[in-house]
Amino acid sequence: MKILQQLCEIHAPSGDESPMKDFLLRYIRKEMKKWKKKPELFHGDEFQDCLILKFGKPRTAIFAHMDSIGFTVRYHNQLLPIGSPDAEAGTKLVGTDSLGPIVCELEFDRDNHAFYKFGRQIDRGTGLTYQVNFTETKDYIQSAYLDNRLGVYNALKVAETLTDGVIVFSAWEEHGGGSVPYLAKFIAEKWNVTQALVSDITWVTEGVLPGKGVAISMRDRNIPRKKYVDRIIEIARKRKVEFQLEVEGAGSSDGRELQTSPYPFDWCFVGAPEAHAHTPHERVHKRDIAAMIQLYEWLMKDL
Amino acid sequence: MKILQQLCEIHAPSGDESPMKDFLLRYIRKEMKKWKKKPELFHGDEFQDCLILKFGKPRTAIFAHMDSIGFTVRYHNQLLPIGSPDAEAGTKLVGTDSLGPIVCELEFDRDNHAFYKFGRQIDRGTGLTYQVNFTETKDYIQSAYLDNRLGVYNALKVAETLTDGVIVFSAWEEHGGGSVPYLAKFIAEKWNVTQALVSDITWVTEGVLPGKGVAISMRDRNIPRKKYVDRIIEIARKRKVEFQLEVEGAGSSDGRELQTSPYPFDWCFVGAPEAHAHTPHERVHKRDIAAMIQLYEWLMKDL
Amino acid sequence: MKILQQLCEIHAPSGDESPMKDFLLRYIRKEMKKWKKKPELFHGDEFQDCLILKFGKPRTAIFAHMDSIGFTVRYHNQLLPIGSPDAEAGTKLVGTDSLGPIVCELEFDRDNHAFYKFGRQIDRGTGLTYQVNFTETKDYIQSAYLDNRLGVYNALKVAETLTDGVIVFSAWEEHGGGSVPYLAKFIAEKWNVTQALVSDITWVTEGVLPGKGVAISMRDRNIPRKKYVDRIIEIARKRKVEFQLEVEGAGSSDGRELQTSPYPFDWCFVGAPEAHAHTPHERVHKRDIAAMIQLYEWLMKDL
């Protein structure tokens, strides 16, 4: 799990994903020699800070977003949220500006506006993320940013044995999106791939519990096509992977942008459930991580 | 009106439109032998559960959404809305799960959360729709799902005499959309068609009354291009069709997705007004249905 | 500044931009003989009411929206907002309907619903805009619709010396957008241009003051790519243009649609700050207008 910890520790709030892309590129170039099939890599200006891996003759694409929630420094010590962070006063935030590295503290005023406490003023526009405290117990992983570094980790694990498929590392998911439309266009036009799996982290709810298997989300704020979701559930049953069915009215993912793209994408959110979502101490059961990787391996074969 | 009743009775909440598509395919294949011009049919994986009919040399496309509002079964008897249903406690809901057909009852708790009352637990993710009670009087049709089975019916009636045009049966309209972007792309790229009419049902308001003619909507939450709407009003005047002008600040339709598509679509919502929208007893004046069909016939000729 | 006044006085609320396009076409055809480089003009049905100017070998596009906020006449003297107007009771509104020109007065009822006071009923769907009172002092310009006629003016001033670049005059920006997706598609596919500058007007805030230079917005509701914004700030520093950094959590622009388009657009909002935004008396410091034009001239060279 050392690689998962490294992934969690990378500073890459929405809009500033290049450190994650650089890390992934280095990692993949080194590791892919050991993989069952060597993928073709697509990146560069045409893909902004995103990255695509193509294996063999793809039918299905895994989308894993690289960005995280966080804060942007405004003026007068004010902070604006990136995505929907959920942290208590006193949380340590880190970043870098023109004067060097920053470790500051999150505060709130009476109207619940966020600001920072630090010995000096921080440059306007500086992105801050949670200081990461990664811990592992017998059953659990706990860390900031398991959402979605665990989705990225899942994709990298699946990559080791993948023969046919696409893996897309996307940006801006936590803050309104913006990369999936052109990434979807690229894979639909180039390889005619319009089946997608959203490798992301869902929330522990009253109906989806830790340690009970990977969650297949039948809907969130968006409703994927029933026919496609039914196929995924059928494969999970047939392959005897431990899974749970999630049905939500809120929440969204890269799936939203796939659904509204001008290509006929089918998509389904498949991911481990986590407790304490968007806090600095997100927690996921290891059993569910194992089930997630296992299900993705089967889905990439059977879909 | 037997066909309208059949359309209303089909279970096809957003995301599960395939029963409607299958019905339409069967109906159209049978009926089109009698039509003035035989259309070319486009459907299959590339169109998910949607369906396109192309007649002659098209200039204008009719968009009619097939999906309806409804509910998704969550857990612990909870229901999540599909779109914006508006029904009272005690309303009968129908659907099917792995144990067979369901007729259950809608309930609400004190916080106005919806749940179902039924003799057994229903599978997670099951879609439920209103039990349909279709009635016809001298002046009115009353039924669940006139929105938008009446828009579909209108398209089928227009199809009987249509020589040049496209008819698009779309999905997900009640719940955020998702099919119009690729359908719009297809017809714009294939036939250079970027004029659209949204065959859908609007609401009776203080300014738009039942029995006073089809409504031409000059705006809703979205604002179509004035030049295009003006042409439609001019044709309605010239052809002496009974119509009313609607001007709304809320509400949306397939027109929203046409407007924001990467093709220069002009669109206008043209449809009969209904009372009791999104309830199980939507009601439309027959005179307005006749005016709607008549106006569409002219528009497809004159635009 | 005579041309700026003329621009402010044109009635072109969202959806009814053709008067602005017609004015711009006439102006540009006349003036471009004096420009350093003669642009190629793109307009017509394929562009609805929009207009594109292409100079030389473009790398970067300026987006300036032509539309303004305003009101749509409903029925019973009701008015619906176009975009987010912010005006007091008694404000004079102008427009034209089938009976001729209108100068009426804005009123509000107790629930803050807008309506008009006029000697006769106004046609449904008629668009009304503020009566423009353009004034110039030593330091300031004050007028309705500096947002965004000043952005249009900026583009026209930059055009005088531009050798390589695209200028896009867009529509519907104040009311949900709808033209940027196809305009972005056109320039990305035709000239491979995916760098954009949003020539629009931002708001005076506690951190961005009048007379302190053009604002470079590091984020608003949307977050542009950090790498691109950093390049723009670097150019502004290097070229010694007077600028301020804005960091906002709300507000949106043509940048939003560029970000979510299926093309990998980088964008940044660069514009003078104004006081009293969306009122009939928007006010901008002349020093900031000069800095805005100057910065755009450098950016179009250096990016």
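Order as written gives the chain letters A, B and C; numbering starts at 1 within each chain.
Throughout what follows, contacts are C-beta pairs under 8 Å (C-beta built on N, C-alpha and C of every residue); 3 or more make two chains touch, one makes a residue touch a chain.
The shown structure was predicted, so the numbers you read here are calculated from the model rather than taken from an experiment.
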Same or different contact residues where subunit C meets its copy subunit A, judged by the half mark: different
Relative orientation of copies subunit A and subunit B, as a Cα rotation angle in degrees, nearest 5: 120
Whole-Å gap between the CA centroids of subunit A and subunit C: 36
Of all residues in subunit C, the ones touching two or more other chains: 261-262
Footprint of subunit A on subunit B - complex, ascending: 14-16, 18, 45-49, 72-76, 80-82, 124-125, 127, 172, 175-179, 181-182, 184-185, 257, 261-262
Sites on subunit B touched by subunit C in the complex: 206-207, 218-219, 221-227, 229, 245, 247-249, 259-264, 266
